[in-house]
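I am attaching a structure below and will ask some questions about it afterwards.
Chain naming follows the written order as A, B, C and D, and within any one chain the residues start at number 1.
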Amino acid sequence: MTVLDVAWAERWMQTAATDVRAARDELTELDRRVGDGDHGVNMDRGLSAVVERLDDPALPPRETVGQVLRLAATTLMSTVGGAAGPLYGTALLRASKVTDRPDLSASGVVSMMEAAVEGIVARGHASVGEKTMVDAWQPAAEAAERAEDAEDVADVLRAAAEAAAAGAEATVPLVATKGRASYLAERSAGTQDPGARSSAIILAAAVTAAEGRDA
Amino acid sequence: MTVLDVAWAERWMQTAATDVRAARDELTELDRRVGDGDHGVNMDRGLSAVVERLDDPALPPRETVGQVLRLAATTLMSTVGGAAGPLYGTALLRASKVTDRPDLSASGVVSMMEAAVEGIVARGHASVGEKTMVDAWQPAAEAAERAEDAEDVADVLRAAAEAAAAGAEATVPLVATKGRASYLAERSAGTQDPGARSSAIILAAAVTAAEGRDA
Amino acid sequence: MKKLLDDPAQAVDDSLRGFALAHADAVEVRFDPTFVLRAGGTPPGRVAVVSGGGSGHEPLHAGFVGPGMLDAAVPGAVFTSPTPDQVSAALQAADGGAGVLAVVKNYTGDVLNFETGVELVEAEGIEVASVLVNDDVAVEDSLFTAGRRGVAGTVAVEKIAGAAAARGDDLATVRALAERVAAGVRSMGVALTACTVPHVGRPGFELADDEVEIGIGIHGEPGRHRVTASGAHDITQRLLEPVVEDLGLTAGEQVLLFVNGMGGTPLSELYVVYGRAREMLAERGVEVTRSLVGSLVTSLEMQGASVTVLRLDAELTELWDAPVRTPALRW
Amino acid sequence: MKKLLDDPAQAVDDSLRGFALAHADAVEVRFDPTFVLRAGGTPPGRVAVVSGGGSGHEPLHAGFVGPGMLDAAVPGAVFTSPTPDQVSAALQAADGGAGVLAVVKNYTGDVLNFETGVELVEAEGIEVASVLVNDDVAVEDSLFTAGRRGVAGTVAVEKIAGAAAARGDDLATVRALAERVAAGVRSMGVALTACTVPHVGRPGFELADDEVEIGIGIHGEPGRHRVTASGAHDITQRLLEPVVEDLGLTAGEQVLLFVNGMGGTPLSELYVVYGRAREMLAERGVEVTRSLVGSLVTSLEMQGASVTVLRLDAELTELWDAPVRTPALRW
């Protein structure tokens, strides 16, 4: 049985940093096509800063999952910039508020996902189908809810991550109506939304971290 | 026997204008390599203006060769710009002063060429071998002098034009020490001097005009 | 990619350090978090005007910090909105006790980061008003977009808000004037070449040798459509007409005409475009009473230009004319 | 070649017409022959300062016409010296009765055309003095060249001569000051890309993706040597060192540092170069007391920059600081 404890949460962020760095050029290229080409660099900068702070011996050790997510939220907020910075920041900040315990149950994962989606929507006012990161997070939260009764909490995460990946894939044909890609109107169709793609990568990292294969 | 009269002088300028226009891209390319790429356009603009003024019915008809050359001189001076404008302007202005007669004898051609060279040198202070238009005009004047006893005045011109062409060709391996090309130092070697080339074209036009094949 | 930079990740800081040294009499640059403050700060009792956004648009915004215009500017990474902690630090440092007007260009990132930054300082008891600049007529302002973008018209909003603050207007008045400018200013841009973000290393889009991109933003993002390059007259018409239509300008009205270079276009070409735009406005009976020509809201080394028109009235004209002493704009 | 122009043969005139409209309060543009005159002319009894040269270097020279700097400017075709009749018309129109200083950049064409133009007006009884600017250390000043070229240092000569004329100095004094500036100013430039003269339609030279050309002039002509592109620090060093060596600058001296863009380089990069140059001068104990950063002496859309250093003393500093109100330079 998987345990989603503080060590997991920290491994999640480390894995996310590694995986986003590996995907940096892919994210840059997606954003170059439908935005301004900075999403890969922005997310890499932000997640590297998160890892640096997690590794900082001067900071007090985290005792709850929420504390890890709060550290990530404030760090992303102050290092990412662009649209993604406040969106990821708010998502994780809201998620941190419902995860202030040493480890997460299946329903804890569901609450975390729901809080994250609410944060993104509260800030960005986008809904599913507008070709944004909501298209990854919303189906992910819904899938988590459907998987709440799974034996292993890792399966809840896995359901969320798979739905996020499918949701991100599904943004390819969409015409953007929120964010920078909306300026392109029809020309935004045919490219995956960079923020949805980075969301799928970060949620997949949660699974990897749960499987113990850390960065 | 060829007669170098006012009609010849006007045909000379017209032919020069036509031939320089035909060589414009060649001159531009030479100047692009060792200068700033404007010599073809500058000379085309200037000689076109000369032709326009020759064709202007409002201007009094020319009665001496010198009057034709003076009109060309002041027009080039006020339309060419760059280094070539004052140099050609001064050359033709000096030449006009020794050609104020209805037609030119062989010795008249020699004086004209000598006056032109003196004008160029007085303005530009270059001597043979510095990779400038002097490398065309100086041998041309000397060749005219050597041919002064020819039966036909056209032969004097022809000797001058051939020497100018050879002199221009001979600038190819030279390293420029005057004008814009001197900034390139050794890198100026390997390209014909644009001003020497345009000088050779203009002197060849004098022969063409004498042969009655006008523009 | 060839640029006069060293480490791309440090380029914004390197540039700001040079900027601070070159204009030590006019500005002060603070780091961690990064923002630019007017030397000596906002005069006590005056409203402060603060703006910011991604870098790569120089001289916007830092070049407009100084008496008569901005009290602080917040530069993000290249083409990336600054973070909320930068915004809140700048707002806090700029406040002279009479509140702060935040001038925000309408981009999702700028809006979200300023929103969060403003929340943070409001919690400290500082009064903040915001004005959104959305002058780019290339984007339809509809339910199906994030709304029109803020582009070169920002200069007019910053100049006039700064002049109002300098003469002692209160925050509500400064905000109202800024909104009047924002409501009366429209722009449209063209790219002849794309630009290259230093850490990306390749251009944001590709244009054939005979193509230009109409309706670009200022972040190297593609525009609305491509046309075959066709000279200054034709391009100016394609830029000016939608601007004039959107403003609903009629004969007899007075305007400010601003031709802005995108960074890599020679000033001489901007004057050609300016001249064409003047002819076209004259044909419509619109009177150009104020002018600005220069590369002030740029996209790195992009070649291209934008045309901005601001509807003027007596008060806006007076505020436009008021003295300004910044590194990039002074009279 | 894509440019915001219509007929290339008319580009200079088109641009000047736009320039005249945009700055109608400051300048007047005359055609046939073409020159730019300060609005209202030279104040009677003041020495006039006039400069000129090929177009394509905007804002040089026309952008510097106005109180405290130039009284007239003479623009030629692109990269082509103006003709003697333009020069003489400008000198004549600018004369305020106290004589004219002609500021001539050292190029064969400029020298010859100004020489002839000056002869023409001297015949009319107008007193003219000339100063030759030859600040480009890329060219060895030897018997084997046409001498060092005049490049960005021209701005300093024009500014300080203009300030001296404005305060009422006589022609001999204005000329002596201009010569002091010319003697104490040195520059060196680099190109990252070549520029394209409109009527030529292709670049003046070709550079590989990783090459820069060191020691370029301002006419799109090739430089002295090529090196592999290597970042702002390295390039700044290659530009600054020969300048400092040639001036023989020693610790404790005060200088003006001017980083100039060639037209297509973003301002942000110029500030990076400026910052690097400051570090290097500080290492040598040279004190930068005045600064200028901007694209003021350009080569069309060329990407690149030049570094100029002027040795300052109290009087030159005072004249540099004196008010100037021109389209491109004002304080």
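Note that a residue touches a chain if its C-beta (ideal position, glycine included) is under 8 Å from a C-beta of that chain, and two chains touch if they have at least 3 such contacts.
Since the structure is predicted, the reported quantities are computational estimates derived from the model, not experimental observations.
Shared contact partners of chain A and chain D, listed by label: C. Each chain's centre was taken as the mean of its CA atoms, and the one lying most distant from chain D is A. Note on chain placement: the centre of chain B and the centre of chain C lie 54 Å apart, centres being C-alpha means. As a whole-number value, the distance joining the C-alpha centres of chain A and chain C reads 32 Å.
Per-chain CA centroids place chain A at a distance of 76 Å from chain B.
Residue positions of chain D in touch with at least two other chains are not found. In terms of which chains touch, the assembly is arranged as an unbranched chain of neighbours. Chains touching one another, given as pairs, are A-C, B-D, C-D. Contacts from chain A toward chain C in the complex involve residues 28, 32, 35-38, 41-42, 45, 77-87, 89-90, 123-124, 175, 177-180, 182-185, 187.
On the side of chain C, the complex with chain A involves touching residues 33, 54, 76-86, 107-109, 112-113, 115-116, 138-140, 143-146, 149, 197, 199-200, 202, 204-205, 217, 219-222, 224. Chain C contributes residues 1-6, 11-12, 14-19, 21-23, 55-56, 58-59, 63, 192-193, 209-210, 212, 229, 231-233, 235, 263-276, 278, 288, 291, 293, 295, 298, 300-301, 303, 305, 330-331 to its touches with chain D in the complex.
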